[in-house]
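Paired with subunit B in one complex and with subunit C in the other, subunit A is shared by the two complexes that follow.
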Partner chain A sequence: MSASQSAVRSRAEAVKVSRTFDWMILFTLFFVILGGYHIHYMLTGGDWDFWADWKDRRLWVTVAPIVSITFPAAVQACLWWRYRLPVGATICVLGLLLGEWINRYMNFWGWTYFPVNFCFPSNLMPGAILLDTILLLGGSMTLTAVVGGLAWGLVFYPGNWPIIAPLHVPVEYNGMMFTLADLQGYHYVRTGTPEYIRMVEKGTLRTFGKDVAPVSAFFSGFVSIIIYFLWHFFGKWFAKTDFISDEDL
Partner chain B sequence: MKLIKDKVAKLSFVALLVTMTAAIFYTPTASAHGEKSQAAFMRMRTIHWFDLNWSKEEVAINDTMSISGKFHVFAGWPETVDKPEVSFLNIGIPGPVFIRAGSWIGGQLVPRSVSLELGETYDFKVLLRARRPGEWHVHSMMNVEGGGPIIGPGKWVTITGSMGEFTNPLTTLTGQQIDLETYALDSIYFWHAVWYAIGVAWLLFWVKRPMFIPRHIAISSGKAASLISANDKKVGMAFALGTVIMLGVTMGTTNEKYPVTTPLQAGLMRGIKWIEMPATTVDVKVEDATYRVPGRAMQMTLTITNNGDSPIRLGEFNTASVRFLDADVLEDESGYPDDLLAEEGLTVSDNSPWAPGETRTVSVTASDAAWEVYRLADLIYDPDSRFAGLLFFFDEDGNRQMTMVDAPLIPSFI
Partner chain C sequence: MAATTESVKADAAEAPLLNQKNLWLGLLLYLVFYSFIRWYEGVYAWSAGLDSFAPEFETYWMNMLYIELVAEVVLASALWGWLWKTRDRKVMSITPREELRRHFHHWVWLCMYGWAIYWGASYFTEQDGTWHQTIVRDTDFTPSHIIEFYLSYPIYIITGVSSFLYAKTRLPTYSEGLHLMYLVSVIGPFMILPNVGLNEWGHTFWFMEELFVAPLHYGFVFFGWAALAVMGVVNTEVMSIAKLIKKDLA
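What follows is the complex of A and B.
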C-alpha cells in the first residue's frame, strides 16, 4: 500500500511504527481472546467455575482443564508458528481470568450479592506457564501437546488447592455434616441453580477409593492432550488468514 | 500509515465493545418472579401450596423469619412434566437477600434433593436470615428435575438495617470460629494475585522485545532459530521449575494448615415423611366446569355427598395458590397475600350445611381478577384443558377436610 511506503522514511521510524503495531496487536489480541475464551469457558465449564460447591475432586478436576485447554492451544499454535512467541497460553489465561474477575466482582457480587468467597474463578495460571515454557524449551507443538497437555490436567488441582482447601473444612449444621462450600451453596440461595443440577462427586472412579483427585487429574490430562491437538489445528488454520496482511506492511 | 493505524484502532475498539458486552455481563438468575408466566396447568396440577405462613412482614438484618405450611403433591401430575422423584425445596427470592438458615420437609432437614410421592401431603418450613435490606417478594418454591421451578405464593417482606452488619458465624468441626460471609477471602485474592503476577511477568519478558512484525519477517526469511536465545531458554526453565516447585510447596503448606478436609457432600434423600391425612368423608363429583372469559369466573357444578357424621359446608377453593373463600364459612387470619386472596370470591348456590348422609348438587362459582392477573385463564389454551384444585370443607367446630378436584374445563366466550 502506498500510504505506508510514504509514511515510513527512516529505519528508526520503521522500528517505532513496528513497536506501535506490537502494542496495538497485543491489546486487540488480548481483548479478543478475553471475550472469546470467556464465553467459551462459561458455556462449557459454567457452573463448575462459578460456584465453590461445584469444585469437587472428580468432575470439576476433569471438566475444567479439558474445556479450558482449547484457546491456549489455538493461540499458542498461532503465535509460535508465525512469531516464535511462547506466550499464547499465558495471554489466554490472563485474559480469561481478568474477564472472570470483572464478571464475578461486578455481577455476582456487586449486582446479585453472592459473596466472592463463593463465586471466585478457578486458577489456570500454573498450567499456562507450563504450556508456554514447554513449548519454548521443546520447540515442538507435538511435545507441547503430549507433555504440556498432560501437565495442564495434572497441575489444575494442586494449583487450586490452596484456594479451595479452606472451604473443604467440615462443619456440623442442624445435625448433618457439610463442607463449608456445601453450606455456602445452601445458605446463599440460587433460585436458578437447584441442588440436583449440581454435578459433583459423581462418576465411575469410586474403585480408586479416597485418592480420586489424582486419578481424575490424569484422566483429564489425557483428554487435554487430544483437545490440544484438535485446537492447535484451529489455531494454525486461523493464523493462515493473516492478522495484518503482508501487502499492508 | 494513518489509515492502517485507524483501522487497527477501530478494530481494537470493536473488540473491546464485543468483549465488554458479552460474557462479562453474565449474571446468575436472581429473580423469582416467573410466577405469572409459568403455564397455568403447571401451577394447578403439580404442587398445591396451602396453609402458608410468613412469620414476619418486617425483619432486621441478621434476624430470622420463616415461611412454613403444607404442600400437596397432586396425584394427577401432568404427563408432560417429570414426576417429582428428584425435587429440591427452594425459596423464591431475588438472589441471596436472605440466607437459607434451614429448610425442612416433614421435620427432616433437606439441604439436598428429595423424592416426593404423588398424592401425598407434606409439611415444610424454610428458615431465612435477613442479609440485604430492601423489600423482597418471598415465594415458596419447589424445583423438580425435568419440570423446572414450581413457584408458590409470594409475599412482600421488608428487611431493615444495613448489609454491612450481616455476619454468618459458624464453628467448624475442627473448632475454628469463622464468618462464612468473608471466610478465606484474603487467601483467595492472595493466591489469584500471586499467580496472575507470575503470568504478567512471563508476558512482560517477551513483550519488552520487538514482537510481531520483525519476528514474522525473520521467520518468513528462514531465520526462525535466531529468535530464541539461550538466555530465553534459561528464563523459561526457571519459570517452569519455579511453577512446579511452588505448586509442591503451596500444596504442602495448605495440607499442613488444613489437615482435615472432606469431599463435597451430595446425594438424593429418600424416605421423606408425609402427613398422614385422615380419610376424607366428603365425596365430590364434578358434573361440569366452565370458565367464563368475560366474567373472569369459573363455574363448576358439583355433586357433594357428606359421608361423615357432622354437618359440613364448603369454605374454600384453592388453585395455583389463589384462594377463593366463602366469607360466611371461612375468614383468612393468616395474613395471606392480598393479591392471591379472594375473600368473597366463592359463591355456592346453596351452601347450607350438608347433613350427614346428604347428597346435593350445587353450582359453585370462583370469581376474581386473579384469574386474569395470574394468567390462570390461559388454561383454556393448554393442550390438555383441565383444571385442578383443593376444596376445603368445614364442620361447625371448624374441623377441616380437604378434597381434590380434577376435571376438564370448557371455556365460554359469551
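What follows is the complex of A and C.
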C-alpha cells in the first residue's frame, strides 16, 4: 500500500468511519466539557445554584450569568470557527444541566434528602439558544459578544422566573416575614453554609425595590460581554494544535 | 479473480477497525463500579461515616482509603509501564489502515477519559457539596472525600495519562514532539489532585465552612479550565483522520 493510498477501501467505508468518529468525538467532547464546566460553575456560582433560598433578585442574577458564559464562549470559538457548528453554547449548557440534574436527584435528594424543589439547578438554556442563534445569524464574534453576551445576562432571570416565582411569595413565620424559599432554608439546616455565610439581597440596591432584578441583569449582561471576549480567546488558545519538542519539557 | 478472493479472505481475517466490545465494556465497567461505590456511600456513609473517631469509621472508610491508594499506585504503574514497555519502535512505518485502527483504539481511550472525567469532576465533586451540608466535619478524610479526591480523581488521571501514552507510543501523529494541548488536557485535571493539599490546608487552618464559591476553591477552578484543551486534541485528531481517509482509494 503506497503512502498516498487511503486507509479505507471504499467511499462507503470512509463515510462509516467518519460517522463513527463523529459519535466518539461528540461523546468525549460532551463529557470532558461537562466535567470542566461543572467544576468551574459549582465553585464560582454554585451556592446560588444549589439552593432556592440563595436564588435572590440580586446576587444570583448577577453572578450566575457572568461565571457561566465562560465555557460557552470558549467552545463556540472552536466549534464555529473550525467546523461551522453553531451549537457550542447549547452543548455546554446541556452538559452542565445534565450533570447538575443527575447530581441534585441522585445525591442532594437521593443521598442527603434535600427536596428537589429546594436544590434544583438554574436554567441556562434560553441564553445558550440565543448565543448560538446570534452566532449563526451574525457569523461575528463581536456581534455575539455584544448582543449575545448582553442577552445572556438579561434573559437569565426571565428564563428562571416561572420556576422561582412560586418560591418568592411572602410568608409570615414566628412573627417574621420572608419568602417561601427562605422558609425552606430555615427548615433544611445546612451545616457547611450557616446563615451568616448566605449572600443574598445585600447592599443598598434593594432600597430600589422593584428595580433590583432588572438592574442586576443589566449589569450582569455588561460583564458577560467582557467575559465573552476574554473566553473566546481562551477557547482559541485551547483549540491550538501545536507541538513542542521533547527537549522543551 | 484469485487476487480478489485473497483480499476478501484477508479482510475476513483482519481485526475490525473499531473493537466495539472494548468500548462498551470499558464504559460499562466504570458505570458498574461507580454504581457500587454510590451504593457503598449510601449505606456506610450514614452508618459508619459520621464520626471519624469511631472504630467503625476506621473499618469502613479509612481501610477503604488505604486499599484504594495501594490499588491505584499498582494499577497506574502496571498500566503505564505496560504501555511504555510495549511501545511501537517503528511507528512511522505502519500502514495507513493500521494507523486508522490505532486512531479508533485511541478514541476508545479518549471516550473512557471523558467518562471518567464526568464521574470525577461532575458527579462526585458536586456530591461532596451536599455531604458537607449534612454532617459536622471533623476530618479531612470524610466519606465523600475518600471517594471524590482519592478514588474518582486518580481514576481519571490514570485513564487520561494512559490515553496520552497510547497516542505518544503508537500513533505517528504524536511520535515527534509533545502535543501541547494533549499535555494540558491531561496534566491540568491531574493538578486538581495536588490542589487538594491547598484545599485541606485551608479548611483545616482557616475556613471550616463549606462555601463552595470561596476563593480557597479557585485552584480547582483554574485546573478545571484545562479540560477545554480537549478541543486541541479533537482538532489534531480530525486533521489526522481526515488525511488518512481522504487519500486516494485503492
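Quick notes on this one:
Everything that follows uses one rule, which is that the second predicted complex is superposed on the first by the 229 of 249 C-alpha atoms of A that agree within 3 Å, B and C clash if a C-alpha of one lies under 4 Å from a C-alpha of the other, contacts with A are read in each partner's own complex, and residues count from 1 in each chain.
Assume contacts are C-beta pairs under 8 Å (C-beta built on N, C-alpha and C of every residue); 3 or more make two chains touch, one makes a residue touch a chain.
Worth saying up front: this structure is predicted, and the values here are computed from it rather than measured.
In this superposed model built on subunit A, subunit B and subunit C take up the same space, so to speak, and clash. Once chain A of one complex is fitted onto chain A of the other, the partner contacts of A:T191 extend to both subunit B and subunit C.
Once the two complexes are overlaid on the shared chain, A:S10 sits against subunit C while remaining clear of subunit B. Touch criterion met: A:T179 reaches subunit B, while subunit C stays clear of it.
Once the two complexes are overlaid on the shared chain, A:I91 sits against subunit B while remaining clear of subunit C.
In the superposition on chain A, A:L167 makes contact with subunit B only, while subunit C stays out of contact range. Shared-chain residue A:G235: touches subunit C; no touch with subunit B. Of the two partner chains, neither subunit B nor subunit C is touched by A:V61. Touch counts on subunit A: comparing subunit C and subunit B, the chain ahead is B.
Of the two partner chains placed by superposition, A:V215 touches none, neither subunit B nor subunit C. Once the two complexes are laid over each other on the shared chain, residue contacts for A:A73 go to neither subunit B nor subunit C.
When the two complexes are superposed on chain A, the residues of subunit A that touch both subunit B and subunit C are 1, 3-4, 6-8, 17-18, 20-21, 24-25, 27-28, 31-32, 34-35, 38-39, 42, 50, 82, 99, 102-103, 106-108, 111-112, 114, 190-194, 197, 243-244, 248-249.
Against subunit C, the residues of subunit A that register as touching in their complex are 1, 3-11, 14, 17-18, 20-21, 24-25, 27-40, 42-48, 50, 63, 71, 74-75, 78, 82, 99-100, 102-103, 106-108, 110-112, 114, 119, 190-194, 197, 234-235, 238-246, 248-249.
Within the complex formed with subunit A, the subunit C residues making contact are 11, 17-18, 23, 38, 41-42, 45, 95-97, 99-100, 103-104, 107-108, 110-111, 113-115, 117-118, 120-123, 125-127, 129-137, 176-181, 184-185, 189, 192, 209-213, 217-218, 220-221, 224-232, 234-239, 241, 244-250.
Only residues 1-5, 8-9, 11-12, 15-16, 18-19, 22-32, 86-88, 90-102, 109, 111-113, 131-132, 141, 143, 145, 149, 163, 168, 170-174, 176, 178, 180-185, 187-188, 191-192, 195-196, 198-200, 202-203, 206-207, 210-216, 218-219, 224, 227-228, 232-233, 236-237, 239-240, 243-244, 246-248, 250-251, 253-255, 257-258, 260-266, 268 of subunit B touch subunit A when the two sit together in their complex.
Of all the residues in subunit A, the ones that touch subunit B in their complex are 1, 3-4, 6-8, 15, 17-22, 24-28, 31-32, 34-35, 38-39, 42, 50, 53, 55-57, 82-87, 90-91, 93-94, 97, 99, 101-103, 106-108, 111-117, 120-121, 123, 125-126, 128-130, 132-134, 136-137, 139, 155, 158-159, 161-163, 165-184, 186-198, 200-202, 243-244, 248-249.
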